[in-house]
């Protein structure tokens, strides 16, 4: 599902001030009276992941053309969208029903929070914002498909990307008998719509409103966690990201000259309270807390990366991401975890986290292995509690200090000035035992030196 | 080996302007005529890792007191030190010989470069600057010990830290029959010198020059790669790092308001050329190139971290580090590697890198396993070549773009606008095969739902 | 704790027939009236892991000589021992109290069962029989030490082995303030008792009964899970194990010429029922079931291995083991697990199992990481249920077949004759997607071939 | 490629006596004069992996029917086949050319030997015999396809199995532009040939000789390393393998009552000499040595397993395998490796081996990651040298002893009777340092106990 860059650019010019998340929880359903005469001809009902943009609008109409009844499903995971307008548009294009669901709360609590616990980073750099949203949206869509007894689901993801996989694996996992219509993989569709021009013409011919602003020369995907930018001029990995592209974060060169200092409190490895040490504002509910961190991170230009990553299908792609709040949480959680988790537990959890990052990226959220890993990671977070103080400034997050009631840090033990319950002589024995192998290896190496005559 | 903060503070006030690395390669040896009468009483010869500071000066004198002849060994790995003054001091304290070696070139080429290839980060955050220097220094010291037929080596590392281990494991690995005198682990020493006051008194009594400036309330260790700060007031993990502590990097709030843009060229996974895209200066020799990156990184406040880490001996400690040039190289290498290395090779190499980070941190550089891992990592870098453009600004490094003659990135293949040698239908098959397991699992889960009567 | 081979040889000649596990659960305590006059001189109370053999009998007397009061602790983990005689001996040697505990049930249920779930094998070969028993015994000993308010514990493990570590880590983990007396690491002890002759002389002098049969030229350690043999003539890794050494298993060349076929039923990854398909006998309680598998495995010579392994302290040692029942369970559990566990969950669990094997071997049962891993492994066993049929014959266990109500095996799906819910065309897409990377790599390789002129 | 069980059963009744590997190295090519008139109509040339059996004979004729010219390619990887008869058959069915290549030597040296070095076992049980042969055969086939300028290759692997993947990934990796015809995945083929009856009818109609003996109710695949059995009656995982199914190994209940004792010498981790300690026969060339181990292993019934495994495509399948020589080598190599390889190197190599087993099983032999892993594993084998003595008896391989010039085993160091260069006091320090974390964890746990009032 691609979010049209143009529409976004149009309505989000003052992105640090505007209200990002103005849509209240709702599940609007608009019934459109089906013509009983055509019903009998229907190939069946499709629940389409609808974005309101040009692509999925064309797909909606095209599906009807093919003989399907279409239910539009639009999940609010925090993207900047006029959901009411999208609803009206879907209805006007012939959607039998339109479901709009605010999934932001469950997205934060059930998807982003486990990610915070995990510290998962794909290929050491990508914070997985899109990967997390897909199974959340697909789960909602499947729920509607089952409820509406639709045999089909459909989406607008391309045939080269990761999102088709993430979307469909969740669908198959939760609704194995579902049939998936992926137009961008169907020759009859992609041969008909070779480029944007074809879509525009089709739109005009079928009364689909077309964007009035020109499309930006890249595509983007937005949710409450991040915006990703790719394709178009970004496909050349040498090209720098253009000025003005980023929408969630201010350019660090234009960000405030004084930091914001935050205190983030964790319990069970998830944030439960954020306090701005300057103005003393606090946030405690997951969604508000996360939105606030997005505001602070966005204001200071935090969380921009430009990477080349390996898609699940094996091709390398270039992606640019901004993840303001997620970046702050990642740094803070890593710190409180290191402070409270045993060293060897941490190593094992680190491996689980690596697995989790691949599962997430590859679309296996709803798999037995991901369920298992989430369980284990959650278990590891039992004592991950305490507060971390961070400074957010000019694109960077600085950890300043931390404290915890469940820390395994022992100041007396580690102190250079206090002996604590520690006998330095033991370290000598420890080292000598550790060196046993090395000495044996040296012995072997020496014995293999060719003898000179 | 602790570097006295006081001396450093005294001579490095203008740390962004001063010449950090002014010491030319040299291996000064000062022979001091030993008294043949006392020779016969000698317990043997000790090569002492000497820093010129209060601790190792006291150790030098104490070792002589115990009946050893002492050779002072002072390695220049880029720390800010008046090596000539240190030499004179060692001689005046009774060192039989003094060896001062400039190891900076080999430190960069043989230790830092393999680290760059590896992307090794200890516990996801620490860039291992001290860990890399220890085996380099110890190797030099062992070489002198063997050359001088000394049966003993000694050092001033504390009994709670990692450095004693790193130092001694290298010694045992390269010189298994060596005997190590670690005063801070000997009750007769540490009970005599319970604190700095005892050292000061001993120094005064034995004509050891004492620092004129007060010691800073933390300890530090410096080399060309980084400076670490710990102990003292930093032992409370809640305390923020004090203003003015950092010596290699400017405070980002006072760093320039315009970035420096660099182009870094890699071959075999190591940097071979750095070009400042602003003033067009270039550096190609490893040592100069690295020092230049330190300058740029330092100027922009790059590479500061404040962490709690797990020492090898199992205690948690708080460390603050600044690694300006290393941070830039880490970001750039990660990018060019992702661009040129196969996805699955990368995964395996990532695991090797994790192992490497532990080996390094724990002091096992000179172990069979570390030798093996270095070999494998080096092999993985065969095609890691190309240039990365980065912007260095306000404490952060931004990757801007990259190109490579050996990239596995295929713009046609990944393009949204070009089909390339790719059939989207294949992705449908791929996804369905991937979902087989998930469907089976769903089947099992469904079958286990308790039947209602 | 070494079990004297001689005594064992004497009383266990008909090892396939004899009752191995004849000791009922008990916790005999024999109070011996302490002399109030000497009490005031006591250095404190030691709980000694007592085996009844020569070594620990000498240690008991020696500890008293040093001024300690000694409580003998003897755990029955299934070794072949005359516990009543041992009790009488300890009392006669001056033990203040003697505790004899039958830990076999908890050893099987709380230690061996998690091992069965894990499939843990140290270095791909060793089934960890001794590693499992040590924390079980030490836990019991610590419980007594706390109960009796003893500040000391002691054991007879040597200073080169793994058992000292396993024993002491458990003690420190459960009773951090305990002091451990490890005589074989104390110069005043090991310099006094340089060999068996010294022990024998000491024994004679102090009225300690000495074995009447000559000691076998190796040492052994036995419990309900296995017997290990090492040291003595086995220290030469080229020497073959002598005839007649093995005590739990018959020589396969003398074992029955017809197999026993068993059906083993699992729930939650642990065996809940064993049925002999020949004579229809069944066993369901953990201890009886395991003892029965030992009988069957022993009768058919199953579970003998001869390996060189790496001790935790880094030296290689040669060990010979026999693990009859454990080997049968390992094979059967591996089979039912493969049948019921998702492929990717299995991979993750396999890594956890590798970790577990190291934790176990190295003595970290009572560590946060081992607790965590046991939790995760146990979680992975939720659906590991069903029956496996095995044939036990001439030193080998053959899996014959399996069935399960929670299997993920789908006969229709996999069948060559039935299409099932499977479209072979998908496999073509799957393969082509998998080959994308390989083609890209080929492209790169081809481009790097030096051009000929 | 499935080898018809029937044919095999017919000609291999005395499998311990018969000469398995009677086919000399050869590359017979039979040219058949193509009709120039039909040439112009040709869709192109297909190199077909031809087995001589019913399936690939039908495919050969069917491909011609479709308008292709067919070159038959038959690789001898040690399967029991009348290659001359197969050649004649292919010619008579209209193959334009027939290539028969003896790949046994390269299969052993370039595929089986790296496997021996690796100790790779898929899912802890499967020794990968088929997985190893596929890339060897496909490589040969691709070589012919390129040489003959054929744009197509084809094979008879089914659409549900692993072999299609292994075959095709190698083809795509080595010959990216090749087109692969996989009839069992083409609806026009598999819908026409729904079962064996259809194939038989087609064969009769097209003059394809049909097997005179009834097909065995399972399928098998044979090469010099192993035979696998699956499908048919084996698809029910509860069914026991029928008597008489195994062809490479004698039933252990009928195998000799006296063992064969062998001494196997390794260099660089591969066997270089096998000596029968009974009759003193020796073998040194890789192919002969391996064939001899097959004879010995087969004679004693070694290497049979019955497992359920996870195919790459995610379905579980039941496979029964016999790998006589490979099993002996696996045991012996594991032993000499443990004897000569550093503990920590071994751990890393163990992880590489796990990766290797997956790469192999999944068909990624010719991938960058497998090339990398093979390089690393080979590097790890530098000092893996020495001899292992094994006893082969009644289905089991017993390691008896080992010796090596490059062992890291140090008898003095490990001895219970000799102190060696070892101070037991060090172990006390080692243990106390290891317990630091455990004590800290205990402290935390204790502090969290809810306070009682």
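Read from first to last, the chains carry the letters A, B, C and D; within each, the first residue is number 1.
Heads up, the rule we're going with is that contacts are C-beta pairs under 8 Å (C-beta built on N, C-alpha and C of every residue); 3 or more make two chains touch, one makes a residue touch a chain.
Every value quoted in this text rests on a predicted model; they were computed, and no experiment measured them.
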Farthest chain (mean CA position) relative to chain D: B
Result of counting contacting C-beta pairs for B-C and C-D, higher pair: C-D
Rounded Å distance, chain B centre to chain C centre (Cα mean): 42
Between chain D and chain C, distance of the C-alpha-averaged centres to the nearest whole Å: 34
Contacts with 2+ other chains: residues of chain D: 313-315, 342-344, 364, 367-368, 407-408, 410, 413, 422, 425, 427-428, 430, 432-434, 436-437, 439-441, 443
Chain D - residues contacting chain C, complex: 119, 123-125, 158-160, 164-165, 168-169, 172-174, 176, 182, 184-185, 187, 190, 195, 219, 231-232, 235-241, 252-253, 257-259, 304-311, 313-318, 334-335, 338-339, 343, 346, 350, 354, 363-364, 366-368, 389, 393-396, 398-403, 407-411, 413-417, 422, 424-425, 427-428, 430-432, 434-435, 437-439, 441-443
Of all residues in chain B, those that touch chain D in their complex: 313-315, 342, 344-345, 347-348, 351-352, 355, 364, 367-369, 372-373, 375-376, 379-380, 433-434, 436-437, 440
Of all residues in chain A, those that touch chain D in their complex: 342-344, 383, 406-408, 410, 413, 421-423, 425-430, 432-434, 436-437, 439-441, 443-444, 448
